Each structure stands twice: as C-alpha cells, then as structure tokens.
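First up is the structure itself, then whatever we jot down about it.
Think of it as A, B, C and D in the order they're written, each chain with its own count starting at 1.
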Amino acid sequence: MSDSILEAQDLIFKYPDGTKALNGLSISIEKGKKVAVLGANGAGKSTLFLHFNGILQPNEGQILFDGEVINYKKKMLKELRKNVGIVFQDPDMQLFSSSVFQEISFGPLNLGLSEEKVKERVHDAMEVTGILDLKEKPTHLLSYGQKKRISIADILAMKPQVIIFDEPTVWLDPKHSIEIIDFFNEINKQGITVVLSTHNVDLAYSWADYVYVFAEGKILGTGEPEEIFKDKELLMSANLTQPWIVEIYEELIDKQVIDPNLSIPRAKEELLALI
Amino acid sequence: MSDSILEAQDLIFKYPDGTKALNGLSISIEKGKKVAVLGANGAGKSTLFLHFNGILQPNEGQILFDGEVINYKKKMLKELRKNVGIVFQDPDMQLFSSSVFQEISFGPLNLGLSEEKVKERVHDAMEVTGILDLKEKPTHLLSYGQKKRISIADILAMKPQVIIFDEPTVWLDPKHSIEIIDFFNEINKQGITVVLSTHNVDLAYSWADYVYVFAEGKILGTGEPEEIFKDKELLMSANLTQPWIVEIYEELIDKQVIDPNLSIPRAKEELLALI
Amino acid sequence: MIDIDQYAYSNNLRSIHPIEKALFALLTMLTCLVANSIITSLVIILLMAGVVIFRAKIPATSFAKMILIPISFLLMSTITIAITISKDSSGFLYYISLWDWQIGIKFKNILIAINLFLKSLGTVSCLYFLALTTPMIEIISVLKKLKVPKIFIELMILIYRFIFVLLDTANLIRVSQMSRLGYSSFKNAFLSLSELVSNLFIRAYYRAKGLLTTLLARGYEGEIRVLEPDYEFSRKNLVLIILTEIGLIFITVYTGGDLFV
Amino acid sequence: MRKENAFSIGIYFILGILFFSPKAYAMHIAEGFLPFKWAGIWWVLILPFLALGIKYIKNVIEEQGHGVKMLLALAGAFVFVLSSLKLPSITGSCSHPTGIGLGAILFGPWPMVVLGCIVLIFQAILLAHGGLTTLGANTFSMAIVGAFVAYGVYKLSKKLGAPLWLAVFLAAALGDLITYLTTAVQLSLAFPAESGGIMVSLTKFMGVFATTQIPLAITEGLVTVLVFNVLQEY
C-alpha cells in the first residue's frame, strides 16, 4: 500500500463517557481516489474523520499520513490539518464569522501565508464554489445551500490533499445533490482525494471508486462498489440496503432479460443501455 | 370536497423581510389519506405547515379545518393545534425537556387533561413508538433515531387527527427509514391523516395516496403518484427527478420487455414481478 | 431577522468606507451632545433623516418606526425630569398639592425637558445612520483598526455570528412549543419560556464545543485571525464631513446655543 | 377635591408606565440622554473594569484552553438572545430578563463585564436599546454593578446556608433590581432637581422605575431558578 495517503491502523477509541466509538478499526485510503464511507447513524464515521484530522487521539492504534505515523506534536498536527480538510455536516456549526470573506480567510491565515496569498486563495475558493457574489452578504441571511458552499470554500482555500465530506447531501434536494456530486468529481480530477460519508447507497454505488462499510466502530467490508453491493448479507448487517441499480440488474439477469456476462452497470444510463 | 380535513385557500404569505414564501397557494387534504408534499428546499413546504397549525397567519387567503374557517381566536387556535400535530425536521429543535417523560407530557398537559390521563397518554405514545425503555433517560444522551421517535411520541400523545411529518427520513439510515415508513402506515390505519413532506421522490412515489408538487410557494401539480411522476416536465420545473421505479418501467416498456398495458408498478416488488 | 441589521447590508451607502461613516456619525453625535441646543438638535435630526432616507434609501416608514423605539424611554424619563416636587409653590404653571408638597410643572423645566428630548433624538438619529448603513462586521473591523484588544474583537466576531444562530434555534423551539399549545396560559407561558431558555443554554454549550472542533480542524491555535476586504477612502467625503460639522457648530453659535456649557 | 385629583393623576401615571413599559427594554439609558460630562465620566469609569475583565479572560483561556473562548462567546450571544425574548409578566405585557445574573453565577463576574459591554454595543447598534454615548453608564449599571451584586449575593446566601434555589433567585432578582437602582442614581446625578437636588431627583426616578422593575426583577429571578434547575441535571 505504498500509495495510501491516509491510513488508520487498529484504532480503538472511547469517548470520555465510556461509549466505544471505534473498535479496532483499520482503513487505508488511496491517493487521488473517490472513497465512500457507508454506515448507519452512529456507526463511527464522524469519529474516524476527527482522527484523520488529528482532533481526536486514539486510545490505541495509529494514524498515518502519506506513510508517516502521526505523533501529535504541534508541527506535525499543523501539517496534518493543512493537508486533510473536513467539511462538517452542519455548516452552521462550522461557520464562525458572519462575513463570508473573513470566514474563508481563517484557514489560509492559520497556514501562515502572506495577506496577498490569502486574498488570492479566498478569491479562488469563492470562484470555484460559485459564491463570489455572496462576498458582501452576511452568513445569517444565506440559505442552507449557500452556507454549505461557503463551508466547502473554507476548506478548499487551505488547498488540502484530502477533503472529507461528512454527509454532504442529506439536506439537499435532488438538483442540488447532483450539483454537489459533480463538484466532487471536478476537484477530484485536480488530484484531491475525496472521502465522502453517507448512508445513501445509490449515491455511493454510482460515485465511488472504493467503498468502506462501517458498523459499530469496525470496518465490515471494503472493496469496489460492484463487489460490496452484491453482498446482501454484509449490507443487512450494516443496516443498509442494496442500490436499486444492482437490485434491478440482478433481477433482470434472473429473469434472463439481460446477459449475465455483461459487466454490472454503475450508472442509471448504463443499466438502461443494457436492457 | 366535503371530506377534506385541512384546506388552504389562495394563501399568500410574506415573511417580515419581504420574502414571498407562499404565492396564492390552494390545497385540500382529504381525511384519512396518506399525502406526500414534494418540493425542493425553500419551496414553501414548511411555511405551509406552520399555517396548518395556526402558528403563521396568512397575509391573504384562509385555512379551513374540518370545513370551518380558522379565525385565529384563542379557542379555535387551541382546537386546531390539538388536532393538527407537526413533527419537525430536526428533533434536536423540537425536544426541549431534559427528561423523556416531561418532554412527551408537555402537549397533553397543555390540553388541560388530568394527571392520570396525561400519564396514560404518555405511556401509550411511548409504547406505540417503542421507546418505553427510554423513560428514565435524559434526552441529550440519545441517538438521532431515538430522538426522532420521541419527537413523534410528543405529537401522538396529543391524539391529533392529522399528523404532519416534515422531512422525516433525511437523517435516518435505510433500515430506520423503512421502519418509520411502516409506522406511518400503521397510524394511518388507525384513522389518522398523515402528511409527509420530502424531496425523496422514491419514497413519495411508493408510499403516498396523493401527491402535491411545490415550487416557489405554489402548487405545480397534484394527483395520484402514478400520474404525477409520469410528468417529467413538471418534476424538472420543481427541481425534482423521476422515481427510479417509474424510469425503469418506462424504459422497459420502450424496450418492449414488459407489456405497456400492465398497470404501472408502485413498489419495487411489483416492478420486479412485472419483468 | 433584525431589521436594522438587514438594512445595514442592503442600503445604498453600503460601499462607502466604514471609517468615513463612523466618523460622520460619531462627530455629529458629539456635536449634538456638546451643542445642547434645540435648534442644532432639530437640524441634526433632519440631516440624518434626510441622509438615511434619500441617500441610503431606507424606506421612510421603516425609519419612522425605528425612531419610535427609544421614544418610550425618552418620554418617561423627560416627563420625570419635567415634573418638579417642591415645598415652595412659586413658579408653577400647574400643580397639585399632596400634604405640604407641591407636585407640578414649571415653564423652565418644560424647556429643559424638550431640549433633552430633542438632543437625545438627535444623537439617536446619528446612531441610526451608522447602524443602518454600516454592517456590524465592518463596525468590528473599524474597532480592530482602532486597536481595541484582540480578545474583545474575537469575542465580538463570534458573538455576532452566534446571536443569529441562537435566535434561529430559539425561534424553532418556540414554534415547536407553540404548536403543542405552549404559551397558551400565564403559568404555561412561564414554564414554556424557562424550558426554552434552559434548552437554549444547553444547545449553546454544545455549539461551543462543536465550534472548537471545527476551528481546530482548520488549524486554529488560539487566535482567530481574519482578513477584511479593502475599502477606499474618499477625500471628497472626508471634506464633506468636516464641512458639515463646522456648519453645525456655526449654526449652534449663531442661534445662541450654549456650546460647551 | 384635591385628593381626588391627585388620585386620578396617580392612576394615569401608573397606566402610562404600564403602557410604555413593554417597550422600555431593561431601562438602558437612551443614546444622548446623559450630558457630555456624565457620559464621559461613566466611560472613563468602566475602562479599568474592562481591562481587568479582559485580563481575567486571558488568564482563564491560558489555564483551561481555547474552548473557553467559544464558551464565553456563546454565553454572550445567549445573553443577547435572552434579552430579545418575550417574557410573560403579571401585567400581561412583556419584557425580558437580562441574563447577566445567570452568567455571573456560572462564569463569575469578571467575564460578564466584558460580555455585558459587548452585548450592550450590539443592543445599541442592532436594536437601538441604549446607545454609544451612554454605553459607559449602561455597562456600569448592568455589566459591572449587576454582575458583581448577583455574584456577591449568590456567594453570600450560599455561605449563610440558603438553599440553592433561593441563592439563585436572590442573586438574579437583586442583581436586576440594583442595576435599575444604579440607572436611577446615574440619571439623578445627571439631572438633580432644582430644589432638593439629587435626593429628590432620585426619589422621582425610583418612583417611576420601581413600579415596573420590581415585577421584572422577580420574574427574572424565577426564570433563572427554573433554568438553573434544569442545568443542574446536566
């Protein structure tokens, strides 16, 4: 696994109140990939992400970034947080300033960049997320979707190598969900590793290069989406269901409508083309 | 429309900041039905619900409950709020007591029932929602799914004739989503009219008796799910997509895999049976 | 959510340098206070109303409504000052006697009260000019340039943001309570409110924790550093401000106001 | 005849107060109401308190980490939001608690000096309650006197063995009441009566405020107790 950018080895983590959130979890995320982390509510996804960013320190086990073991010294933590960005579920929790410009400038300033550079980064991040016209507006007068984009620009401005999106689509309607997914693909093309947590199996199936299935602080299954989503038992035990594309595909094979030797379709269009 | 339990006639509503949230909207909800209200974020769904409950008063137009025009006098408002319960999106916003028992007793106590009666109602509501074992727990230590159930018990304990669920499944994983939908069917069988707002087209399609499509404070379309979801243009203009069952069904007809004279399938199982 | 705040972001003078606007408001405010003259106060009220309504394009009706906010305090307090309690009944325009005290009003005190009332309204309109044309974010950045302690500035930035988050939360909880018949009687209103308040506090507590997490994830190390967008000074505006103030002082002296008394 | 007259004027006066009190927001002194001299005096007086408050906050942050800053910021926002909530009151009108008492009990008086001052700036600019020239006077009465009295009363009554609810009630209610009292003193210092001077003026202001503020102080005390009870469970 020489090209893994983030790695967790045998993580065990208990919250101070005794809840065991991670239970000997190992995971390795490859550079430049699109990774989906699937799991029911409370499976430990968010806890793992906070480990990737060095916010939480495991009771046992270790985190590796780019092959190096994180030692939780100030300098290394800074490096880690520079390179691994998290876009949190609730933008209202992440935005601390009412000024969009101030808000986005916070991260780059913490990196110790010059004012000039920071201004440039803020501008670029706003451009990419399409919020340049919000510059003069206060966050509290914006819609959920707009706040979500600001929270993404927050992280983009830091130019991390990995961006983790925690449940990015839950509150978005179908149109905005599609937009944001397109956006993920775009930044991924620029070489950023994108990790996405979700319990939307259809989304994970058609989007990800690689899927991890979580349950109770452990990894239940890993693999390419085609393999993972064939495994009904695995999905059941993680409180998940099969993506409808897979379900229909299997049914169509059973009913001999389509040829079982054809490769399993990833997107709706592919499935329809098979028929 | 003699059997409509809730009716809105030509509602116009502007928020104090000038945003026009409802724009001449009319809707009539039939007694005992399962109704889905579909629309993108910000289409005005929540605003309408707050009118049904008498929290908001329209600038123009009127609300009728059981054929009677709401006059916003104290007595009538009380009667309305007793009979129309809203389960809000985010249980964290709805729950305000530290104890589950106190929380659920809030509504019935406000109805002026005797202590005996209130205890009975709280007990029943907890039983139906399957949270009897949480009675002694403080609300803030519970999981999202548990809180969601408490927020439902909150409303059930008031024994309303209509229950409105605002985006009930967004945060739930597939397993719990299925559970909650089953639960809606159960209370509907007991004669309660269930109204559900969602932007999940698949859910609305297979669950509802009747569908309303919202966009920009207006009703764009109403009808039985089979009709509504055939109309791609309508869905597009409301930022929605087609349910995959319908899409596949239409594709299969096009490709002559199934007989176009067969009735359109409502559930996954029906579609698979057709093939 | 808060009218004044919304206008501050959408008014027609938004793009003017915040320091210019603050200077104009504060200098005029001081002039009004120091001049202590009925005529100067009236001129300032008209000036500010004019600028707010015609330059900043705030609807006149909204401005009038806002001016009424402090009026209850002003009326109550100025009336209290205007009323004289004395054992000596000379000089009263009208009075009533209670035992051996005379309670009533004197002409001189009415003048004092009117002056006080208008002076206060004059400075209030200066405050409104600032509040309606300059977003709080920019006022904070002015304070930052004035070298107000960092921690004070950081707290202001955070508090301003979280006022709106908590207001939103409070509103949602209130709506949820009302839809379950909360606030429907006095006792019930009292209980509903204290549940709301305590819940809001707990919510605020968890938010504080969550916020720390999200800031740490962005490399926070104890100081909240942010950048401000640039504004350009306008020499013309500065000259205009100075001329206005000189004009106001001239008016005061000319009409015999007791400047610096 | 005269007594009747006095009686009816008294009634009108009280009705007037009840009519105006819902909008009288915690009796912050309005912008421009204090003469230049007094506005300046109160401004100068609060500066050392602010400096000490800021120093105190810095120390706490150093000892307990950066999370304290977020907590204080949220507490400040909480106080502001609290003061914009409608509160049921006996007269059927609505007013609000200041939240300073609760804050002083939980965080101590020094942080509340700073937070109170910030909240007053926001109230002045966003809500037009109070003002900038009168910020000194209002900070002194609410954030300094109010916070220290509330904190002192709380500590003292606990020392004297009062039950928790009573200590909290007294702290919040007295903190409130003495804030209003300070406001009355500030006004009478600035506007002494021509005969009888400050004392007569003080009597007048207290007479006006007492009727509205005593019920408010009691309400604030009660709400604080109820809130504190819930927080106790956490």
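Definition applied: contacts are C-beta pairs under 8 Å (C-beta built on N, C-alpha and C of every residue); 3 or more make two chains touch, one makes a residue touch a chain.
Here the structure is a predicted model, which is why all the values come from computation and not from measurement.
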| item | value |
| --- | --- |
| By number of C-beta contact pairs, the top two chains | C-D |
| Computed distance of Cα centres, chain B from chain A, in Å | 30 |
| Where chain A and chain D are represented by their mean Cα positions, the distance between them in whole Å | 48 |
| Separation of mean Cα positions, chain C and chain A [Å, integer] | 45 |
| Residue numbers of chain A (touch at least two other chains) | none |
| Interface hub residues of chain C, defined as touching at least two other chains | 1, 5-6, 136, 158, 160-161, 165, 195-196, 198-199, 202, 207, 211, 215, 220 |
| Of all residues in chain D, the ones touching two or more other chains | 230, 234 |
| Overall pattern in which the protein chains touch one another (line/ring/star/complete/other) | other |
| Contact pairs between chains, per stated definition | A-B, A-C, B-C, B-D, C-D |
| Complex contact set, residues of chain A against chain B | 17, 39-42, 143-145, 170-176, 199, 201, 239-241, 244-245, 247-248, 251-252, 255, 257, 268, 271-272, 275 |
| List of chain C residues in touch with chain A within their complex | 1, 5-6, 9, 14, 135-137, 157-158, 160-161, 164-165, 168, 207, 210-211, 213-221, 224-229 |
| Residues of chain B defined as touching chain C within the complex | 16-17, 50, 53, 55, 74, 78, 81-82, 85-86, 88, 90, 92-98, 106-107, 110-111, 140, 154-155, 158 |
| Chain D residues within the chain C interface of the complex | 2, 5-6, 9, 16-17, 20-21, 23-25, 27-33, 35-36, 39, 50, 54, 57-58, 61, 66-67, 69-78, 80-82, 84-85, 87-88, 102, 114-115, 118-119, 121-122, 124-129, 131-133, 187, 191, 193-196, 200-201, 203-205, 208, 222-223, 226-227, 229-231, 234 |
| Chain B residues touching chain D - in the complex, by the definition given at the top | 98, 138, 140 |
